[in-house]
Structures are given as C-alpha cells and as structure tokens.
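Presented sequentially are two complexes of chain A, the first with chain B as partner and the second with chain C.
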Partner chain A sequence: MTVHQVTSVTDRPGAAYAGRAQATGRPRISMTARRHRAFYLFTSPWILGFLLLTVTPMAYALWLSFTTFDGISPNWRYVGLGNYRELLSDPVTWDALGRAGLFAVTSVPLSIVAGLALAVLVNRPLTARGLFRTLLYLPAVVPPVGAGIAFKLLFDQNSGAANGVLTFFGIDAVGWLADPYARYVLLMAVLWGAGNVMIISLAGLQDVPRELHEAARIDGASAWRAFRSITVPLLSPVLLFQTVTGMIASVQTIMPLLLAPLGDTSGITTIPQSNYLYMMHVFAQYFALGRYGYASALLWVLFVLILIATGLIFKCASGAVFYNVDPEAKK
Partner chain B sequence: MTATSLPPTSSPDVRVRVRVRRLTLYTVLVSVAGLFLGPFGWLVLSGLKTQGELAASPVHWLPDVFQWHNFARAFTEIDFLGYARNSLIIALVYATLVTLSSAWVGFGFARLDAPGKKVLFGVLLGSMMLPQMVTLLPTYLIFAKLGMVDTYWPWVLWGLSAAPYLVFLFRQFFAGMPRELEEAAIVDGCGYASIFWRIFLPQSWPVLSASFIIAFTWTWGDYIAPQLLLSTDRTTLAVAVMTAYVNEGGTPVLELQAAASVMYVVPILLIFLVAQRGFVAGMSTSGLK
Partner chain C sequence: MRAHAGAPPSRRRFLAMSAGGAMAGAAALSGCALQVSSGVSGSGETVTVMVNSGDILPEQIQQAKKDLGIKIVLVKYDITKLIAMLTSGNPPDLVRGVGAVELPYFAARDVAEELDPYFARSSVLKADDLDPVNDLWRFDGRTQGKGPRYGMAKDFSQDSMYWYNTAAFDKAGVDYPPETDPVTYEEWLATAERLVQRKNSQTVVFGGSFAGLTRATLLATITASAGGSLFSDDFSRVDFTAPEARKALAWYIDYCRTKVGPSLIQPDPNGWDGPTYQAGRLAMSNSGYWMGGMIGADKKLAEVSRLAPAPIFAGGERISACQGGTGLWMPRGAKNKDAAWRVFEWFFGEEPARARASGGWGIPTLKSLRPLMPAKEDYQKRVLKVQENELKHFSVVSFTPYTRADAFDALFNQTAPAAMNGQISVDTLAGRLNAAINEQLKRGKEQVG
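Here is the complex of A and B:
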C-alpha cells in the first residue's frame, strides 16, 4: 500500500493531492458506518440479554398461560383462555388483587410523604446534619431478609418490643403477626425504608433555587405556602418517578413471605390472610401447587395491570408535573 | 436561617420563640432517628438474649447476661462461612460482570449513533419499569430446563447482559465527557473499543465504584432468586439466615437467627458507610434525569 502510494506520487505529482482527498473522503463515509456498527456492537450485550432473559421468559409464560403445564405430569394440554377464565372466577384471586391494590395505594403515598418530610427536615441547616441523613437512610440499605427478621422479633406476640410498650401503658398485648394486624407490620416494615425516597428528594431539594424561597419570603408567603407552591412543583418529576417505581416495587414485594412464621417458599401457606397479596398468590400457585400454567396467567394479568397503572399515573400526572427544563436545551 | 439571620436588636420574645422552634426540630429529629434505628437495635439485642428470654412474656427488655456466644454458635450451628462464601462469589461475579457490561452498553448509548437508537433507548428506559418478579418465575422454569439450576451460571448470564438502571447511570456519566477526548483518539487511529477501554473507563472510577457497590448490595440482599435457583448447600447467606436456623421440629431458633442476621446485615452497612458519597450520588442520579 505505502509502496504503491510512493510510486504513484513520483509518477504523477498531481495524483498525490487526489489520493489524499480520497483517503480522507473514504473514511468519512465508512466512519458513519463504523459508528453504526460500533453502536450495535456496544449495545448488543443488553439487546441479547433483553431478548433472551426478559422477552423469552415473558413469551414462554404467555404460552404456558394457555396450558395446564405443571412440570410433572406428561399429558398437559392447551386450554386456550381456560386459565384466564378460572382466574376471573376465583374469589381468592380477586381478594389478593384487592389487597395488593390497597397496599399500593397506602404504602406508596405514605413512603413518599414520609420520605419528603424527612428530606425537608434534614435539608435545614443543622448540627450533625450528615449524621442524621446517614441514620435515616441506613434502614433503606438493610436487605429485606434482615428487615423481615428484625420486624418479626419487634412484633413478636410474647417478647416483642411493640407489645412491651403496649403492656407498659396497660393495653393488652396484640398478635401483631397474625390477622388482622399483620398488614400494619407489613406497612411499617416497608416504611422503614423511606430513607430511599428521602435521599432522592433531598437531591431534588438542593436543586431548588434559593432565590425562589427568598422571593416568596419577601412577598410574605408562609413556609407551608412556599413549600406547596415552590418546592412541590419543582420536585414533581422526582415524585412522579417515585410513585411509579414505588408502585411497581410494592406489587412485587416479598415482605409478606419474609414476615411469615416460616420464611422459605413452603412458608407461603403460613402467611396470614391480610398479607396474602397478589404476588403471594402467584407464589402459592407456583411453588406450593406447581400450577405453572395457571400461575403464568396470573403473572401476565399482573403485568398488564402494571402497564395500565403506569400509563394512568403518567397520564394523570402529565398536567400536574412541572418540568423545569431550559427551553434552549429542548430540541 | 434562624438565630444568625435575626437583626441584633431583636426582642427577647423572638429569641425565645426561635429557641423553642430549634428545640422542637431537634426533638423530632432525634426521636425519628431513634425510631429508625430501633428495629436494628432490637435485632442486636435479640441476638444477645437466651432462648428463654426470647420466649418470655411480658417482654424481657434487656438480657440478664449478654449471650455473646450466640454469635459464635450462629457460625457453627450451620455452615455460616460456607453460605457467606457463596454469597460473596455470586455477588462479586455479578457485580463485576454487570458493571463492565453496563459501562460498555452505556458507552454505546452515550457516544455512538445508529438508526434505531432512539427506540432502543426507549426500550431500555421502559425495561427499568418491568416487574422483575414477573420475568423471574418463568426464567426459573427455563433455567431448570437448561440444567442451570443449582449452578451460578444464571448470575453470569445476568451479569453479562447489563442492567438497564446501571446502563443509564453510565450513559449519563459518559454523555457529559468532552467530545475532543474521542476525536483525538479517532485521529490517532484508535478503535471504539480501545477508546472505551483506555480513555473512558479509567476516567469513570466514581461511577464504576457506585455501580459495583449497588450491584453487590442487590445480590447480597436478594432472597428470591437464590431461593428458587440454588439447593440448600449452594445457596446464599440471605436464604440460609432466613431458613436454616431451625430445630428438629422445624421451629426457628430465634436468638441464633437474630445473631446471624446481624452478621449478615453489618457488612452491607459497613460498605455503605465507607462508600456513602458515591452510593448516594448514584442513587439520586437515577431519580432525577
């Protein structure tokens, strides 16, 4: 190549310039192609992983949901919408779904309000502010298994601290981990991790321009009014994100299982009724009964419901959420 | 904001009010912090009690004698170190692989273009909202069919295929780096792989460590995947702590379980405390943009 170029330069002086132009011209075309190829080379691990480990299992579950597959009996068969029909007529499914919905609409707003309140508290000038932030966030780092065991001990009917406090005030001890109180323990165990919302809201609070609050103060607005009219709108994208991810997390929580007397999958049968959320119903069908076909139908129903709920949340929020974006940056 | 912002001539009345407000604020903060530490403190206390004290009614607030040997027994009663090793292997393998693969994919989304990129990025963001539990259960059936149950291959595969959340983290970081960096390298005849490896990766230590720690704590804390995919002796510490401390009758031995969960949780708390800044930065970026 180099040899050829050298001879061509000596043979035809004018060709040297043309050759150079071609040399820069040709890579420019292939540069774009190279970038395209490189893009797919770089993103391929995720694309492949998404197809093999997300789309395939989902498609497999969709297919199974039309069958009576149980992993053992060889003569499972296609039943069309049979599983879905059974699911709709099963009151246990509806109850579990209702409980999961109730849990989502209580636990998500409560943790957002709690997290936001904590964020506002530790955003003030305080002594040992870093220490308070760390202490309040720390429970959010505790793995679910640790949280489950801690709450089981805390709310133990005999030796738990909760009943200790109640008896101290002369109130009768309560069977916290059984019906109907178990739902409150579940709620508290989830709220224990509100530091997560706190940290994310705190980052948002720090982005709120100081001048806005100062202007509001000069105009005579109360602290609450300033919070409602300045802080909340500016934080609304963060709050929307928290609502959606919180809702999805709450539907999937395995905390009811971890709070059950036996924490392994065989413990599903020991979950008190009030904590028997939809996901636990899926687990029961999957593991206790091995009804993979029926459980897959339950999963797909849940998946579609989550999609609908996410869409609704976004739609309802579209007017309420304020994006403080620089119009210049918008393309 | 409070005392300092007052004019020097402020009346004693105002000063008292400020002081009362400050006192209330700290009282609220200290009690909330106490409430938040309570469950963990109770876990530690329970690990130091005798079986009798843990069954006593009404509650036995403090152990008569601190039963430190519960912690030693938690080690020997089950193969604690073996389970901890399993957890460590899985978490290290997954965190390393997923950090590298997510950085790799993140570089693609931040620095390269191709037709279809917008759609793919939308799918990536959307897939962050996919309920993982919905995919995990059928994934388990597929892995069972492929004979990968009771091996660590699932974590290798999950690690290799990048995590959307971490991809997004890396994408945000790489997108903010100056364009001249790669242009100079392209002029020098560098391929994109070596631009990524030699120029971008060495500059991204903050994100690399945040991603590694986040992935490590996920895996260390994960309960359901190892519970489904691994048998009793290959399983992780999370599963062992939850299920293995039982007597012959199948009832949990609470004092050992409490002691074991303290030892299971504390490493994660330590990692968090040491790496706090990067960790929090990573957590909050995800919520904002």
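Here is the complex of A and C:
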C-alpha cells in the first residue's frame, strides 16, 4: 500500500473547500470544473475586449459597407453590394492596391534582410556590443510622427541633408518628397525601423545551439554555408512570423501620411501619387470624402485579402519552416 | 442537456455570455461617454467647446469662470471626433469651423443651430457692428452669404493678398508692387519668376507662394476674379471647362509648373509659408493680414515686409475674398445652448476678441474693435493703410454645401500633378476634374436631399 492510498479524503488538495461547500449546502465543484472556471475567468477580459473592440467595430463597419452613410447626412441609404461593385470598377482603388502590394513585396523582404544582417552583426563578440545593439534599436522606438518630421527635413529638396551630400559631389538635387522619388523615401523610412526585426532575429540567433556551428566548422563548412544550412533553418519560424506580421503592417502603414507636406489628417490631400497606398485611399475616403460606406467596404476587402495572403504565406512556407519542437510530442 | 449548477459553462455558452457582456459593456461605455464628454454639469453652467489649442487660452478660461460663472471645458478639434459626437447625439456646445467652406456643409445637413434669435436679443453682438465677413456664416439653404446666421468669424483676412520681402526685391532689382492698386495674376507670376533664386536644382529663395487656404477656395476665388463662378447656380456641379474657370486653372497649373513656389510637386516641409518667409527664403507669400502676427513679432522682418492687394485678371473684377473666416458655430444638439451663447458673446465681443484684435493675427470681425488693430509702428501703419483700402473690395465667394473642401482638394490633388508635370494638358485636366468632383457633388446632393 502506497502512501497515496492511505491518505484520507480530507488530505486531498481542495478537500477542505469541498468539505466547507458540503457543510454550507453548496454543490461540490470538481477540480476539472474549477480549472475550467479559472481558465474562463482569466481569458474573459481578453475575450470581452476582443468582442467589444474588434468584433463589434468590424460588424458595424460591415453594416456601413452596405450603405451610403457619410457620418452626418440624413438621407443615407442601404445599397447592398453597391459599394463592393463600385470598388471593383474603381481604377484609383486598383492602383492604390497595386502600389500597396508592390510596397509590401519590396519593404518586407528588405526589412527582414536588413534586420537579420544587423542581428548577425551584433550577435558577434564585438567590443561595446550592448551599445551597438542599443543604437541600432533606437530608431525603432522613435515615434512615427517624429520619424516623419525628421525624414521630411532630411529629404527636403532645397535644404535637406540628403541633397546637401549630392550637391557636394556636384550632383543635381532631387525632389525626394514628390513623385516619383517619394516612394524611395517611404521605403527608407520603413527600413529605418529595421531594429524591430533585428531584436527578434537576435533572440532567435541566440537560441541556435553553438555545438551545431562547431560541428559544421570541424566538418569544414564555410561561415556562409553554416549560416545557410544551420542558422536560417533554425530561424525559419522567426522569419515566418516576421514575414506575416511585416506583410500585415506594411499594407496598413500610415507613414505616407506622416511624410506628406501637411503631417496631420489634412495631409491626406497632399500625398504624392507614388505613396498613395491602399490605406491612404481608405483614409481619404473616410475623412476627406466622407464616404464611410465605401471606405468600410474597402477595409473589409483588405481584411479578406490579408487573410488570403496570410494563408498563402503559411501554405508556401509549410515545407520550408523547421520547428525545433515536435508539435506531436505533447499530445 | 441542461448544465447543472456549479458545472463550468460550455464554450458556446461562454462565448454567448461574453457577447452579451460585450454588448452590455458597449452600452455602458456609450452611457459613460455621454456623461463624460457632454461637459454639462448639474447646474447647467459648463460649456464644452471644441477648438484648437491656442484658440482659447487657459487664463481666459479662468477669467470666464470668474466673469461669467461658466466653466469652459475644451475638447481638441478633430473632425472625426466631431462627426462621431454629432452622430451619437452628443455634440460639443460650440465648435470651431472654417466659415468659408464648412458652414454650408453643416447647415445643409441640419446639424447647426440658427443663431438669429440669439443675435436679436444680444447686447454684445449687434447686427450693425458685424463685419460683412460674418456673412460667410450665413446660409439660406442653397447659397452662402444669405439667410440666417449659424456662427461668427473670430477674425479674418482677405486671403488672396500677399506679403512681400523688400530685401528680396532689392536683391533681384525688381520694383515693388503698388500699395493700393493690384497687379494682374500674370504680372505676379512674372515677378515671382524674376525673384526666384536657384542653384544646383535647388531653390535657394522661392519667388512666391500662391496656395490659398485650400485648393477649393483658391480656385473658386480666382475664377470669381476672372468674372465667373466655379460652381453652377445650384452649387451641384463644377465646370472647369468654362472660360473663367479654365483661365483660373491654367494660371494655377502654370504657377506649379514654373516651380516658383511650393506646390504639390515641390512641397515645403514646413507645411505653410511662415517659417520659410521668416527665414528669408520666400520673396512673396500669398497669406493675408493674419500673417502680420508672426511678422510683427520679428522687428527685422517687419521692417522689410509689405502687404499688397490681391491680384486680379486683366479686365476682371477686383475681388478680395476671405477664404477662411474661422470661428465658432453651435450644433443643433448642443445641451446647454443659453450658456453656450453667453460664451459665444464673450469670445466674440469681449476680452478674447479685444486680445485678438490687438494681436495682429487677423482683422477683428466687429467693426467697433478695428481701432484696436496694431498701428503704433511705421510698418504697422503702412500695412493697415493697405488693408483698409482692400476692405472696400471684400466679397463673399459662396462654396457648395455638397462637399467639404478636403474632398475637393483630395480629388484635385489626385488628378492635377500630371498637368503640373506637363504630362497632360490643362483641358484634359479640366475634363478629369469635372468628372471626379461632379461625382462627389452628386453623392453629396443625394445625401442632403
């Protein structure tokens, strides 16, 4: 007979509570039930927040997308799928979507490559490594509004430092903040925040077992080969995460608005065409043209497109991502 | 199966309960929002005013509390927040607005309170003391400038006038513009081209800036100067192919194409002319009297700055409109209208109005406050003389009630850069603008009914 078998009912965890419950006539609650209750109690704030702040606005936006509502006019009406039909035939929408797609496929890989390169750099045993890590991460914590102002001053055609360098070398100044160059400034402004990617990649790099690299070195693998065959596969879940979140963030970026001559909401009317991305089109429809219904339809289409793009990324990456933990192990 | 007491809720039941809780929470939150942001206290002596920072100073709020016995709660002006507050039936008691472009929009949608009865019984704001610029805050259901009053301008400028820097003129060897007679738009542009200084494709000194307050008001005003109207009689359409509107459009596109000043294809990172003019990098700035507030604070700049009349088109009418007329209006759903009106009177006719009049940041909107305009120094006297002469040519250029100026500007700026860069002709641009803007006006007209 084991010690466990001789313990009485009253020795078990929770028994005192159960005993009190019986004494007070309240129904007895099993451990499983209490665990479930605890789970629901802990998750309910998030679920309530999700329902209140995500599901409710989305449902409201869905309803708006079937109307001509403009915020205050009395004669708005239900138009069914009218806004969605208009969207399909609106060349400005398609152009904005195309630019947003191009921006995503350019900015996301560039950010990941830049962030990963920086992470590899500051993962090496350098002098003042902590200082470098801090300095490289600092731009990522600068508020976007501040970054927007700094970039506008830096790239001003007539008094900006960027053209100062060009003219020093006898090259004509460039109108960076107007078409067609404004897209490059936007790209640089996004790369400016590559510290975010760096910090996540750095955490991933520090998880790569050192003995694998040592074994590769003994086997005669070059540093590049070891990086390609060991580091990248082990970092692949991190890279997948960054690809998905980076893609979502890039199509929702408001940086073009912050780079516009008027850096507030009225700046929406002054954005150069090359930076007039899909979200800017949505913003303009909501707040400049007052087309709440049409803008809501645009947002719902974007939501569906993001879902599809995310699904495609996961599908394409399914054979290429290496998970160090066996997902079946805990079943 | 019924769950017995004490059993954990099923996932489905839990989600249903959460949804119910969310709805209850939403209702509770909106209830709280009503209580919080209406700013109406139990005694009814709290007034919520939605303005920009600086429109009403903290010390003025304290003074109002002492003098009027009314607590003013400020809400930062934000058009999206205003629309949300109007939609939820919980608007501020007074709201900042740009009379020239916003009043027709809000009045046509029946969200603004008619203030004629309040003006009729006011001992502070008397009809015969109101400057004609306050007509921008009148709307008869179709035309701006006529009918009942819905608000009042806090100060104003004739926004097609321009400041110029005599040092830049001297350096370029260009004669100063006449003080009382206007130059033509063509002459203004030719002067700007002579004043601009470039080096290595960089503009060291802009010849002149001519942006107006918005593209919508600018083009409506220039078209009026050319003897026409940008809008049809019922304000439901624009026609950029009409000779006068086309002339105005062609001039503005020429201005942008020559790159003598900031525009969409040559943006100024400062976002407005003030800092560039102050730095001596702008020879002429299309800003009215109000920019004198900034200029007057810098003695050196004031000595070399002059104000000039609004340009005209050769043979055209001399028109010098106000493109702003920023002031306050009272939403129809305001909770505390009598107290709000008392604050309105105080803001437009008492201490804050006197402080604004003597500050030089705009012309007072009560004739009785004109003597307070700065006129001590020589440069102030000179500016005042030009301004007083210009007032004779003031007129209201009506704006459409069917769209906001932001929408007009957004559509214009999507289309016009191609013409500014010489990729399409002005005629093609005019056609495209007609199509895009008339579609927006059509939607607006449907909504107003």
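The rule is simple: the second predicted complex is superposed on the first by the 295 of 331 C-alpha atoms of A that agree within 3 Å, B and C clash if a C-alpha of one lies under 4 Å from a C-alpha of the other, contacts with A are read in each partner's own complex, and residues count from 1 in each chain.
Basically, a residue touches a chain if its C-beta (ideal position, glycine included) is under 8 Å from a C-beta of that chain, and two chains touch if they have at least 3 such contacts.
Given the structure is predicted, the values throughout are model-derived calculations rather than measurements.
A.B. asks: Once the structures are superposed on A, label A:Tyr40 by its partner contacts, choosing first (chain B), second (chain C), both or neither.
C.D. replies: Both chain B and chain C are touched by A:Tyr40.
A.B. asks: Touching A:Thr310 in the superposition: chain B (first), chain C (second), both, neither?
C.D. replies: In the superposition, A:Thr310 contacts chain B only.
A.B. asks: Can A:Ala288 be said to touch chain B (first), chain C (second), both, or neither?
C.D. replies: second
A.B. asks: On the A-aligned overlay, A:Gly146 touches which partner chain: chain B = first, chain C = second, or both, or neither?
C.D. replies: It touches chain B, and chain C stays clear.
A.B. asks: When both complexes are superposed, which of chain B and chain C contacts more residues belonging to chain A?
C.D. replies: The larger set of chain A residues in touch belongs to B.
A.B. asks: Once the shared chain is lined up, is A:Ile268 touching chain B (first), chain C (second), both, or neither of them?
C.D. replies: second
A.B. asks: Applying the document's definition of touch, where does A:Asp70 land relative to chain B and chain C: first, second, both, or neither?
C.D. replies: second
A.B. asks: Per the contact definition in the header, classify A:Ile218: touching chain B only (first), chain C only (second), both, or neither.
C.D. replies: In the superposition, A:Ile218 contacts neither chain B nor chain C.
A.B. asks: Overlap of the chain B and chain C footprints on chain A, residue-wise?
C.D. replies: 36-37, 40, 47-48, 52, 56, 71, 153, 156-160, 163, 167, 173, 261-263, 265, 286
A.B. asks: Can you list the chain B residues touching chain A in their complex?
C.D. replies: Residues in contact with chain A: 1-2, 25-26, 28-29, 32-33, 36-40, 42-43, 46, 53-61, 101-102, 104-105, 107-109, 112-115, 117, 120, 123-124, 127, 129-139, 141-142, 144, 157-158, 160-162, 164, 167, 186, 192-193, 196, 217, 220-221, 223-224, 227-228, 238-239, 241-243, 250, 252, 254, 257-258, 261, 264-265, 268-269, 272-273, 276, 280, 283-288.
A.B. asks: Considering only the defined contacts, which chain C positions touch chain A in the complex?
C.D. replies: Touch residues, chain C against chain A: 4-9, 14-15, 18-19, 21-23, 25-26, 29, 78-80, 83, 86-87, 106, 109-111, 200-204, 215, 262, 264-269, 271, 281, 403-404, 406-407, 409-414, 417, 421, 440, 443-444, 446-449.
A.B. asks: Mind listing the chain A positions that touch chain B in their complex?
C.D. replies: Against chain B, chain A makes touches at 31, 34-43, 45-50, 52-54, 56-58, 60-61, 64, 71, 118, 121-122, 124-126, 132, 134-139, 141-151, 153-154, 156-161, 163-164, 167, 173, 192, 195-196, 199-200, 202-204, 207, 237-238, 241-242, 244-245, 248, 251-252, 254, 258, 261-265, 279, 282, 286, 292, 295-296, 299-300, 302-303, 306, 310.
A.B. asks: Note which residues of chain A are touching chain C in the complex, please.
C.D. replies: Touching chain C from chain A are residues 26-29, 32-33, 36-37, 40, 44, 47-48, 51-52, 55-56, 68, 70-76, 92, 152-153, 156-160, 163, 167, 172-175, 177-179, 260-263, 265-266, 268-273, 276, 284, 286-291.
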